[in-house]
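Two complexes come next, and they have one chain in common, subunit A, joined by subunit B in the first and subunit C in the second.
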Partner chain A sequence: MIGPRISPGPGSHSSPRRAAGALAAFVAVALPLLSLAAPAKAQVVEDRFPGVSLELISEGTRALPFAIQPFAAPPGREDLAQRAENIAARNLRYSNRFQVLDSLPSSITRGSEVDYALWDQVGAAFLLTGRIEVSGNRVELVTEVHDVIYRERRGQGRFALPGVDTPEFRMAVHAASDAAVEWATGEPGMAASRIVFSRLGEGGNRELWVVDSDGENLRRLTNHGNLALTPAWSPDGRRIAFTSFVSGLPRIYELDLATNRERQVPAPRSGDYITPAYAPDGQTLAFAITGSSGRSGLYTYNIGRECCFTTLIESRNEDLSPTFSPDGRRIAFMSNRLGVGAPQIYLMPAGGGQAEILSPYRFDRRGYYSSPDWSPRGDRVAYYGRIDRIGWHQILISEVGRGNRILQLTPNQSGNNEDPSWAPDGRHLVFTNGSGRGGATSLRIVDAVTGNTRTLVSGMDVKYPDWSPSLARLVTAVDDR
Partner chain B sequence: MTGWNRNPNRPDRGPVVASVTLHVAVIVGALVLHHLTFAPAEFVAYEINIVSMADPDLPEEIALPDPDELVVEIPDPDPPAPEPEPEPAPPQPRPDPVPPPQPAPTREPPPPDPPRVDPPRQPPPAQRPPPSDPPPERPETPANVDINVRMAGLQRDYPAYYGRILAAMSACWRSPPGVEGVSSTLRFEIERDGTIRARSIEPFRRSGNGVFDLRAVQAVECAGENQRIPPLPDDIPGDRLPVQFTFTTTGFRE
Partner chain C sequence: MHFPRLFMVAAVISAVSVSACRRDAPEPPAPPPPPPAQAGPDMDSLRAYQDSVARAQEAARAEAERQRRVEAARATLTAMVNFDYDDSSIRSDMEPILRQKVEILRASPNVRLRLEGHTDERGSGEYNLALGSRRAQSVLNFFRDSGISENRFETTSYGEERPLVNRSDEAAWAQNRRVEFAIIAGNDQINPPGQD
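Let's turn to the complex of A and B:
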């Protein structure tokens, strides 16, 4: 029965063994050991490896199955549990990291212990459990994430649930969802976040609006009756800086979201004050001033101490749209210094200095690149533009230090895609898409890893979206144990 | 005299005995040799790569016609974009008072498809299963765990069984966050009952990242537990199956 050998493939059969008998058996055993001692010969030895060689290649796109155990609730609170479960399930889908198994019959589990063998049988790698706990006026959602394969709990959290019809209820469940993503993958989520943008309204005015990352809770923030443009979130998520024409001239304002108060950044010199961005310290605002007697540039102002107006660059060129690296040491911005019709993306030290080009400029193929946004992971800058002289604008990513490679995230025939902004998870981007008819645009979200795209809001004229940092800490007390 | 002529009327039994003795000796010898030489079974070594199902969704590498180094990777429309418009209005100059450095460049009505994009690949079978999906069975083949298996080699002796090994490794593999573009190779042996003895696990080529290598060992240990890998097929020779297994995590569109 073992007589006929499996016929050898090239290099897999060591011919001395047949002749050398018992000695050959020793050699076969010894070969792997020798290979450990002499890695330089690994290739030769590997060819003779007497077994099967397999390789598992994960590209970051692997979607592990994530089951949601039906959320439990005390009698009379079942619909609360159902709502929370539905929000969490959608968030996990939107994370593009898992295959979500949800809407399972509640009879699938009995008792409070997690039945790992059962969930293994179902095909889950991870399991999210949730239950509503009520004590007096206090309603809480208690969640756990279990690794079904390794049969261990990865994390547990307790999230205060405000009234079920408030935006804070959804945000609390978003925070629980992000915690689940982090417990399962070790990487941050982005459900507990919002997107602010400029929306065209009556009479050609533009006001700032905000929407949750899942497209819910759309509402207006400003009421300037004029043009409010290019909003930017502060790193703590409590304030938004933007440009408004409410005084007649474009000036920069900061809106405090808790108090709804606004204050204006002083304008010590003439010009248009536009495209503000916060440094990671949350105090320093960088912005552009253009059109002032032929001098334009990038400047900073310390809005926390209300002082220290500083010039970073000043020239006859237009340098716009600064964005800080997450360590605060560098700034990316766009400039037309290489030609008015061909703006490019540059990087420079945050205090000003020598700028280096990031976008793939070539003398005979200059392209058009605009509106950079530095990834919260720090290694990439997103912007929009096109490589050729004509064509739609697309969302592009360059890796810092590898400007000769760009990743295009939007398909060529999808209309103009502009103004990308990174989500706090560093893999999703929101951008405007102008493929709709009648000038309407939509906000879309793309996952830079899988390429999956969804529409956030549509049917309105929207511009300049900016994705907030994680708001999980602001709206709910998370109690990790 | 003695000799084969002693009794010419009877057939001489000497040669027969000698022949039988010789044959028996040869057979016994062969059997003994057999057992000595067959200790570890020999197989053809070949590579199997499994990659995520989401592949068709991924942006593609596009080779630009010029010899420049620039590489652009372009995705396919994720949901096939519903853009029939044969009369795309040339993009309007932006009316905003926040101007790009120059008025929007005049563009011909776009022939919106630069020719160098590869034909769109099929969108993947829905990556997000509809919520009403019945709970799937424990994966029998790699297909159930959303992986493609590519096998290269002259022989495919036990592809179904190798698929089970890969499925088990895939379920057990927890890539550490933020580690990209590395690879770790281990060698181990699967016992006849499908378990893996911890002491048979040997690092063969380390990744240089300690956590990554540790996760690789954990994945192999995990795969050998809970009957995740079925017993060896009956016709696989030998007491155990030597496996060389590589875990690879590619980087950002590497």
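Let's turn to the complex of A and C:
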């Protein structure tokens, strides 16, 4: 009798939302029964605000059972295989797409052939295999994903493994995990990615820090001894643009992660240069200039060619925090044009022009919305805010073009939830969570489909997280066959 | 014979007046050298000497008073201005201090200021950067509308990032919502209003 450990699938974590009964309950079922992740059910929690509901993105997906065959290794390299398997298992769990069956006894495998009948009996829909191959100095991880039901291989990859204690080792396994997600579902993963954020340190200063998507490899990036704020990844994952006060006045800088060199966006006129974001071309930065003799607005600068300031929008209001749609045709941003103390989220053409409101504005409510981030899938904009003048901030999603339906992702009792940023898979979001008094104290990750939430880092004052694009191509050579 | 005692007094006063004198202050008249010790009492030179001592004392007093007024003017110039929650308009109770600043700026044409806007910790960090900018801009507008050239100011915002009081209550928030004034030029050329 086989006795595999069943790891929790999506929905089996307890969460305040589930306690509130906003989600259809998931049932953890013992083998061989499969738990079915029911599609999230919409529930309007704020009848006073028609159109805004505490609910999740409705994908109608099942959490398919994904078994991991114990990774194989040549004699003496078993620890390598074990480490890689553990990292991959956690990644698959964090993807919130599967019920992961791992930590199986190695005796379950017989020979090199995949025993589909066995895995069918275990209840797996997919199977991940992995083996370490060593030739000379070169160590590689070879992975395969098999469809147990159709009894066929869905994909195979070969990933160069650097030294086992380096961040690159983990990143290589993350890349392998994302490949497994893609082979199984046809959708991108997000394990091979990092989150940059602004962390409070000595003397009230803030530096940029970065952490892997699984919470490992936390490290400091800048050493400005001042305020480094609102970081944004370049689309190729090689650079980070941010605001720093290191010169005495807020200016925009770009940090090259490979060389650790920084360059500054020139400041041809007075004002505070804040909230940069990259266009999909990776060369154009959009940002806000505020406080320049009443002329505030959104501007772009081509940092690749080091030229060409353009004005997107300029007025006596403040327009800031731009974010590009993935096709580069539109920008979402926040603006206080409807009144001081009630910033709203707007969309407009990327070259400037007529702006339309996206956030759920009600004339007498003084709703407050901030920090938009356009989903890499293109059809959603996340931001945060509150519908009333008082109350905690919650993470919201507007579904662009589908009647701009608005979903509230975080439950009302969970404190202040701010600064959402999309993962490269287009379904997870990182955000800050705090009590609302003093700075936020943790970064959390929520899956917009299942509502599962986990803590990424905690016990520090954190702000402005930005999730990188997929870094799989940067850190390891993937050899699809 | 009173000369030795007078000599000592004069030396002390002279030392005091020199030490009270700043680099940029006019030199007080130097007291004349004491009369030769072997000469007999000469009422004219004694009177002249006493007059010069009085003048030195008066100059020292005036200089000390001027310094006191300059320091007061500097304190007025850099006194913070506070704001209401999520508001960048100048509060009526803040107008008197701003008008005093205007008088000093008028009398001190070489002084330049950086206006630094701050907010409390509530609300969006990005929005608060903009709110701080707007507060600095409100102060700049007040100065400009009072006839002071806006070229004498630069503005910036620290948003919620540099709280004055690191607590989370109404009293702390009220102090943290502010514009600070940093003297970036002419710090040694501050003239109290009504002088010169």
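The rule is simple: the second predicted complex is superposed on the first by the 411 of 481 C-alpha atoms of A that agree within 3 Å, B and C clash if a C-alpha of one lies under 4 Å from a C-alpha of the other, contacts with A are read in each partner's own complex, and residues count from 1 in each chain.
By definition in this document, a residue touches a chain if its C-beta (ideal position, glycine included) is under 8 Å from a C-beta of that chain, and two chains touch if they have at least 3 such contacts.
This one's a predicted model, so the numbers in the text were calculated from it and none came from an experiment.
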{"item": "Touching partner for A:R405 - first (subunit B), second (subunit C), both, neither", "value": "first"}
{"item": "First, second, both or neither for A:G451, with subunit B first and subunit C second", "value": "first"}
{"item": "First (subunit B), second (subunit C), both or neither touched by A:L56", "value": "first"}
{"item": "Partner chain(s) touched by A:G123 [first = subunit B, second = subunit C, both, neither]", "value": "first"}
{"item": "Which superposed partner A:G76 touches (first subunit B, second subunit C, both, neither)", "value": "neither"}
{"item": "Most subunit A residues touched (candidates subunit B, subunit C)", "value": "B"}
{"item": "First, second, both or neither for A:G163, with subunit B first and subunit C second", "value": "neither"}
{"item": "Partner chain(s) touched by A:D272 [first = subunit B, second = subunit C, both, neither]", "value": "both"}
{"item": "Which superposed partner A:N336 touches (first subunit B, second subunit C, both, neither)", "value": "both"}
{"item": "Which superposed partner A:S370 touches (first subunit B, second subunit C, both, neither)", "value": "both"}
{"item": "Touching both subunit B and subunit C, residues of subunit A", "value": "227, 229-230, 245, 250, 272, 274-275, 318, 320, 334, 336, 340-341, 343, 368, 370, 437, 439, 463"}
{"item": "Partner subunit B, residues of subunit A touching it in the complex", "value": "2-3, 5-13, 17-18, 21-22, 24-25, 28-29, 32, 35-36, 39, 42, 46-63, 65, 67, 89, 93, 99-104, 108, 117, 120-123, 125, 147, 149-150, 185-187, 227, 229-230, 243, 245, 250, 272, 274-275, 317-318, 320, 334-336, 340-341, 343, 360, 362, 365, 368, 370, 379-380, 387-393, 399, 404-416, 434-435, 437, 439, 446, 450-453, 463"}
{"item": "Contacting residues of subunit A [partner subunit C, same complex]", "value": "204, 206, 227, 229-230, 245, 248-250, 270-272, 274-275, 288, 290-291, 293-294, 296, 318, 320-321, 334, 336, 340-341, 343, 368, 370-371, 384, 418-419, 436-439, 463-464"}
{"item": "Contact footprint of subunit A on subunit B as seen in their complex", "value": "33-34, 36-55, 57-59, 66, 68-79, 81, 83, 85, 88, 91-92, 96-98, 100-102, 105, 107-108, 110, 112-114, 117, 127-129, 131-133, 135-139, 144-147, 153-155, 157-158, 162, 165-166, 169-178, 180, 187, 189, 202, 204-205, 218, 222, 226, 237, 241-250, 252-253"}
{"item": "Of all residues in subunit C, those that touch subunit A in their complex", "value": "86-88, 117, 121-127, 129-130, 132-134, 136-137, 140, 150, 154-158, 161-163, 168"}
